[in-house]
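Order of writing sets the labels: A, B, C, D and E. Residues in every chain begin at 1.
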Amino acid sequence: MTPSLASLIPDLTPVLPGLVFWVLAGLSVVSAVAAAMAPKIVHAAFGLMAAFFGVAGLYALLGADFLSLTQVVVYVGGILVLLVFGVLLTGRAKAQLGLEKPVRVGGAVAAGTALLLGLLLAIGKSDLSRSPWLSDLPEPQGTTHAIGRALLDPEQYLLPFELVSVFLLAALVGAAYLVRRRRDAS
Amino acid sequence: MTGFLEHIGLMHFLTVGAVLFCAGIVTVLARRNAVGVLIGLELVLNAANLNLVAFDRFGPAPLRGSVFAIFVLAVAAAEAAIALAIVLNVFDSRDEIDVDEVSALKG
Amino acid sequence: MGSNLLTLTFLIPLAGSLLVLLVPKESAGRACRWVNLLTSLATFGATLAVWSGWSKHTGGGYALVEDAAWIKAFSIRYHLGVDGVSVALLLLTSFVSLGGSLASWNIEKSPKGYHSMFLLLLGGMIGVFMALDMFLFYLFWEIMLLPMYFLIGIWGGPRRQYAAIKFFLYTLAGSVLMLAAIVLIWIKHGTFQIPEIVALVKAHGGLFGEGAEGLRIACFIAFFVAFAIKVPSFPFHTWLPDAHVEAPTPISMILAGVLLKMGGYGLIRMAYPFFPTAAATLGTTIVVISLISIVYAAFVAMAQTDFKKLVAYSSVSHMGFVTLGLASLTPEGHNGAMYMMLAHGTISPMLFMIVGVIYERAHHRDLDRFGGLAWAMPTYGVLAAFGIFASLGLPALSGFIAEITVFLGSFQSFPRLTLVATVGMVVTAAYYLITLQKVYLGDTPAVYRDKAHYPDVSRRELLVLVPLAIVTLWMGILPDGAMSIYRGDLEGILEGVKAIAGKP
Amino acid sequence: MLTLALVVVLAPFGGFLLQSAFGRRLPRQGDWLTIATIGASFAASCALLAKVLGGETLDPAVVAGARFDWLRFGDVVWRVGVKVDGLTAVMLFVVTLVAFLVHVFSSAYMKGDPKYWKFFAWLQMFSTSMLVLVLADNLLVLFIGWELVGLCSYKLIGFWSEKAAPGNAARKAFITTRIGDLGMVAALMLVYAQTKSFAFEDMFRAATTGSLDSQTCTWASLGLLFAAMGKSAQFPLHVWLPDAMEGPTPVSALIHAATMVAAGVYLVGRCYPLFTDASLLVVAAVGGVTAVMAGLIALAQDDIKKVLAYSTVSQLGFMFLGLGCKAWHAALFHLTTHAFFKALMFLGSGSVIHACHHEQDMRRMGGLWRKMPITGTTFFVGVLAIAGFPFVTAGFYSKDAILAGAWHMHPALAWVGLGAAVLTAFYMFRLFAMTFLGKPKDEHVFEHAHESPLPMTLPLVVLGVLSVVAGWDLVGWHTKLLEPTAAAVTSAGSVHGHEHSEVVMTLAIVAGLFGLVAGFVLFAKTSPARVAALKRPFAALERAFARKFGFDELYRELVLRPAYTLAKILSWADAEGVDGAVNGIGRTARSASRGSGWADAKVVDGAVRGTGAAVLAGGGGLSRLQSGRFRTYVAAGVVVVATVLVVLSF
Amino acid sequence: MTALGALLPSILLTAGVLAVLFADAAAKGRRPLLLPWISGTALVAVAAVAVAWLAGDRLGDRVVLGALRMDAFTAVLTLFCAVAGLVSILATLVGDGNSRPGGEFHALVLCAVVGMSVLAAAVDMVTLYLAFELVSITGYVLVGMRRADRLANEAAMKYVLFGAVSSGLMVYGLSLLFGLAGGTSLEALRAAVVSGASSQPVFVAAVVLVFAGFAFKVSAAPFHFWAPDVYQGAPTAVAGFLSVASKAAGFAGLVRVVLALGAQPATAKEPIASFLPWGSPVAAVLAVAAVLTMTVGNLAACRQKDLKRLLAYSSIAHAGYMLMALAVWTPNAMSALVFYLVTYLFMNLAAFLFAGIVVRATGSSSIDSLHGLGFRNPWLAAAFTLVMLSLTGIPPMLGFLGKLVLFESVLREGWVWFAVIGLLNGAISLYYYALPLRRMYLEGVAEGAPPVRLAPGAAVLAAVLVLPVVAFFLWWSPLADWARTVVPSLRIGS
């Protein structure tokens, strides 16, 4: 590749992280709004997928490499698939129509914006905003090793780790029970 | 001009988080299909996770936010499963999952 | 002082109430009537013993005191005691209840339930008059509510449910306010004992220390409202006509005879002695309320077509005298108010019995459909006339003495306002005579003439009415007999209140 | 002396108890028992009279002993006892005598009545309460007697209460007197507030020594006057007396001639020291007005008993006039004489009615003298006495004394008195002429008339003699009796004993004679047709008199109707308003505008229901919010969170 | 207290879960009475451990495994939830819904109790959230247990959707708190709050959002809407379990969080009658929520025609009273809260048990089905009346004591108006508590109505629950003193 091509592209390295952030943020926000407003439920599901990818990207940007990977695997691979299955299984449902009557959507949007306004004001006014810039922060190291140690360190998160096992067991048993074909006449 | 590009701070992430959160709430309120509500729910949980990771990165303590996010993720998965099971049950018993139609219990 | 006569007195009815439940099913009707009667008699005997015990007690303060720690966490004590005022009201309670148990002779609908509730009510009432610990007082006050709700609710007339819930809600709302005041006093002074609190008031010239006049007035209003609902005075009286119209006869007798006196007793025992300064400042308002009760209720009574409702409104009117007398803070006023409680406590049960007698025969209480009963049932006519004239305030009967003494007392403190109250006397005379004429005089419609359906008053009914008449006559001619029981203690309380209230 | 007084009271009381208990089963239904007891009481009062005449008065020691503590309040003690002085002796004598004669008269008059025994029982009770009233030594016991008398008059007027009219009349009497009693209660309160005692001595001592200031005295005395007006049926509280004629005639004789109505005069007489000049003026005014008004009304009445009733009202007016003009002695003397001849005439009319089978309308009678000579003559004596026929009759002396007192006070009052005297003479003779003289107007009535049996005519004769003798100062009885009490009672009052000013006497004689002659000319001599012609111009006036100046209608419109409507409104308000206080003004206004009568559907019944309605309305609102739809649930939650966020962050 | 010792209850319960599942699989449909026995023994064991902790003083209130604070308060709550679980299981055998539930039911109940005991002890945000969610999802499934029943499905759907959204709000709030505190442990959060973080607007936003989650759990207004529909749709025993156990656990969690957030208790304590102590946002939110919840609960209950919905609104009202104690936030108020929770346990479980029995006997849960019960089964009716009156707060009954202690602590702080509103709310509640009485007694009995028979087992259970409601009055002071000992260990405000 001739350097000219490289030189054609302006040296973006200093600006690269910012650019990446705005792209990813834009992606997430747009797809979230799409998920909310899409007339058909399937489109909403795809919007959600795009949002998941956007957020995974942001995690990577924030140096949480393990988490962005898990996000892609669990959320997109697991939960999204689950939701799509849900949509397909209930496809025959009469109420395939997507959105609510306009006046209700309007109300929902109004409530949402009010909530957003309140949150942004609260966050803006508090001194969180005086934190250092991303670029000034030290380089992030790999997090997987640290997370692994944290999960099993009795002083840190060993208990939640054990608890989540009971949690998943309960969820498993419950979900299986609910959808089992009526084997018994209960 | 390029200033807003370089200087990405915690505020930016929190703002995105807040927008995602509100989008999730709007989805929950606007969608008639029960699965739509679940979608909204996922968005809200994602927003929370984003906040956690952002604070983790900008905050002093190492990696506490990410661990919390992982657990939230696990919980979200389980919850989605349970919710979907129940929605399917409702679908079985009355052939529709429109949140507004399902209102026999009231008063 | 170790005698536990007082505990015995209120345990007898409670024991009787349980005993009635154990009566075998098939002979339920007859057996529990007798159990009820015997228990009431025993209770009456016990109150007489209390009276003699009290009279032998020398020295001031309360007699036959029983005091034992009960709930240390809240310094609540099982503290019973009687003074002149309580003895007089105890005697009235057991006497009227005796009449009541006789009057409930032919209750058919699940008699076991009825008689056990009746005795539970009696136990509660007696407990109220002897409790010296405010928590115990509140406990008895509430215990009494439950049986009353069921007695009106189950054995009452067509709109009994509405009347029962109305009665329960009114009294409960009032007593909830009282509870708040009691707890506030306990928080500020750490004691529930009435004598201790009165001593505190005497020592510091008022509870809650300096500068808390606002709270004192608020607490007084809380107490006053709770008791005014019971009295009942003007704004809170609307439950009484419904409760009376729907309650069966014996229960109306007890409701009018005893339950209304609890309001007055509460005012004498707790409201006035605890907050003398507040009582003085609110004196005029209370008098105005009493006047409205007297005159307003008398006018409303005039427009009634239901005999029992008329007597109920006349009770409201007469009980207005009690609050009037107490508010005047004069010896005549206080004695008159107490005397009105005793007088009304004997006259109104008699009137309700009279209404009951004709209701049992005619199954309706519409004044316009009656006529000439005096000729159809002569003795009944005479007793009814006696009751009506007693309630009218005819001299040589107890009503008159009470009214005159209250008037004399309240005139000294509120001359012009008392003159308004005298109008009540004329209106009372008017509506009672109109009733007498509508029901007992004039020509007798054929239906009331046949002896089979309308026999003259039976021996049992006489056994209820005549003792009440005799007491009314005795209290009318020789009032000092009854008054001497409570005069000493009542005036002692009044002196205490006046000393602090600064009344001349 | 004290025992005598007690016998006077307790004898009839014993009679009442025995009669009401065993009356029905006694032979002749116990009338002899009651006559005996009232006779004993009469004898005792005669003995008492003799003692007092002999100058013997109750020595204070005995009197104090007789008192007993009735009620005690703190340091105040209410003592109750007996008081006997000249005034009491006279009153006792009059009351017991008339009562005794009425008992004898009723034994014949009421024969055959189903409740014969009950009549005598209540007569006894009436006598007892009247005697208690007279013997009381303090205002409270007097008030007790006062109310008991009211009760007995209620029972006796409403004796035949199977019929509606007597019942209504009795109720009217009781309530009107009860209104009067308010005055008494007010007086009681006023006096007690200052002197803390009811005994007459303490009261009068306080009044004279000034510890009772004149302002209180005036108000107290006006209260007493108001009560007296009620009981003695003075204007404006006189409406009940004519209706009271519904009662049996002996009752009218006893109650509405001699005793009960006289109680008012006695009360004012007994409490005279309390009366200041201002209140005396009011007494005189009331007396005067009533005397004239009643006279005019009596003129137009056709029922024999109603005429007598109005004449009583007029005579009482006379007595109040006398009291008002400080002629205390004359008024009470007239009271006693009036008792005799008015009782005579009532009993006379009783025997006439008895003879004509309960016919009371004078227009159907006439020429009865020939058929009933004794009743006729005694009645004639009564008419002369009341008209004040000079020198012979007692009426003349007492009326003259009052007119003298009035003249002394103020000539105008005397002229009012004279006018009343003329009217009295005129309507009295009209009554006599229409009943006893002239041609019988109704053959059937005349045919049937016969002289009454002995027990009815004997009392007439006795009363006839008395109404003549009482006037003569035989044994100077009334001067000896009334003088000391008068002195004791009135302060430096200018009380004229018995002195006549010649001018007044002549005027009185002329007035009396003129009335009689006019009556004679108009009613005995001229034919009824001419009388009718003469009356025509006064027809409108006569109709007004006949309808008693429309007082009954006036009261019905001014007092009774508003009272009933007020009661109805308040009763509706109680069921709706106070009870439904919480349910908002709108609804009550709307239902009120739709013709309020509480009969319309009970919109909200009762405060609990009112509060209940509010609670249910609140609950209703909430349950609408609980729409069952998931969306509303979340929306509500989110909205609240959003608003809190927005609010808190500002 | 070793780490293992602290986890003993959870270990026992999880062992119970596994045992139940294996037994159910082994039995292959032949459902002996083995399952209730297993879950019963597990719960009794846990209760025994809790009692041992309480009796012995080995608690030493140390933080174990960085997340659990084993103090007296936790012991009490664990005992509380174990007992509630046990009663609910027994009630299901007796009440409506399928009386022979499968292994899954027992497993889920045990998991729920695990969640509750951990929630009561959690001092770390993550553990708190996890335990909170565990209790919720077991709740969702238990409500939807009767798969064929339309109403149960609808109730479950509403419950899961509403619950998920509320917990979503809570997590977002927690994330903001994490930002402020810089760590996930509540201790760190307390340190941040003490050093002035509470003045930040974002703190207030976080508090409100976190409170949304807990409001859902304890069914406080404005997040109470799910309760009536869910209680009506779910089997009565499950509804009872939710109304008592999960609510108590919710309160425990709330106490832990408020312990951290409300570091400075309501400082601005005007002497008397200050209605809204704006001292700290936490107290303000709680006070407003308390009044709102009480009024909503009482007002809406008056119009109810269905017994279970009525009990739902009554439990909302009682949540309002308990929130009052939290809003006042004094050691006295905390012991009053514990005391009230105990009284609430007995009353409410008894009420739902009776409701279950009635629904099973008459087939419908409407109040009219109680018609003439007073004459058809006097003992049941009498017990039901006592419980109803106790819920109203009529003396000699237990409920009155709870209210008295509660209002005493509120009045002691001088919040007179607050107490008066509470007391009047109590008085209004008589109206709807008396509705069943009216149907049972005051309307006489229809001749044909079949007598309602009470199964012996149900009778025993009922007696166990009703006895303290009535007899508790006699030894009231021991409980009051004991409740007072629990509170210091909470180390409030130090």
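In the analysis below, a contact is a pair of C-beta atoms (placed from the backbone, for glycine too) under 8 Å apart; a residue touches a chain by one contact, two chains touch by 3 or more.
Nothing here was measured: the structure is a model prediction, and the numbers come from that model.
Q: Can you give the shortest number of steps from chain C to chain E, where adjacent chains in the path must touch?
A: Counted as steps through touching chains, the separation is 1.
Q: Give the chain pair that accounts for the most C-beta pairs in contact.
A: After counting contacts between each pair of chains, the winner is A-B.
Q: Could you name the chain whose CA centroid falls nearest to the centroid of all protein CA atoms?
A: C
Q: Would you mind pulling out the distance in Å between where the CA atoms of chain A average out and where those of chain E do?
A: Roughly 34 Å separates the two chain centres.
Q: Take the average of all CA coordinates in chain A, do the same for chain C, and state the distance between these two points in whole angstrom.
A: 73
Q: So what's the Cα centroid distance for chain B and chain D, whole Å?
A: 95
Q: Give, as an integer number of Å, the spacing between the C-alpha centres of chain D and chain C.
A: Roughly 37 Å, centre to centre.
Q: Multi-chain contacts only, two chains or more: what residues does chain B have there?
A: 14, 21, 24-25, 28-29, 34, 37-38, 40, 49, 54, 64, 67, 71, 75, 78-79, 82, 86-87, 89, 99, 102-107
Q: Counting only residues that touch at least two other chains, what does the list for chain E look like?
A: Counting only residues that touch two or more other chains, chain E contributes 126, 130, 133, 137, 140-141, 144, 147-148, 157-158, 161, 165, 169, 176, 179, 201, 204-205, 228-229, 303, 431.
Q: Touching two or more other chains, which residues of chain C qualify?
A: As it turns out, chain C has residues touching two or more other chains at 165, 169.
Q: Can you name every pair of chains that touch?
A: Listed by label, chains in contact pair as A-B, A-D, A-E, B-D, B-E, C-D, C-E, D-E.
Q: Under the stated contact criterion, what part of chain A meets chain D in this complex?
A: Within the complex, chain A touches chain D at residues 100, 104, 107-108, 111, 114-115, 117-119, 121-122, 125.
Q: Within their complex, state which residues of chain D touch chain B.
A: 623, 626-631, 634-635, 638
Q: Give every residue of chain C touching chain D within the complex, in rising order.
A: 162, 165-166, 169-170, 234-235, 238-239, 241-242, 296, 299-304, 331-332, 335, 372, 375, 389, 394-396, 400-401, 404-405, 407-408, 411-412, 415, 418-419, 422-423, 425-427, 429-431, 433-434, 437, 441-444, 479-480, 483, 487, 491
Q: Residues of chain D touching chain C in their complex?
A: Touch list, chain D to chain C: 69-74, 76, 140, 143-144, 147-148, 151, 154, 158, 161-164, 167-168, 171, 174-175, 178-179, 181-182, 185-186, 188-190, 192-193, 563-564, 566-568, 570-571, 574, 578-579, 606-609.
Q: Quick check on the complex: what are the chain B residues that touch chain D?
A: Interface residues on chain B, with respect to chain D: 25, 28-29, 37, 99-100, 102-107.
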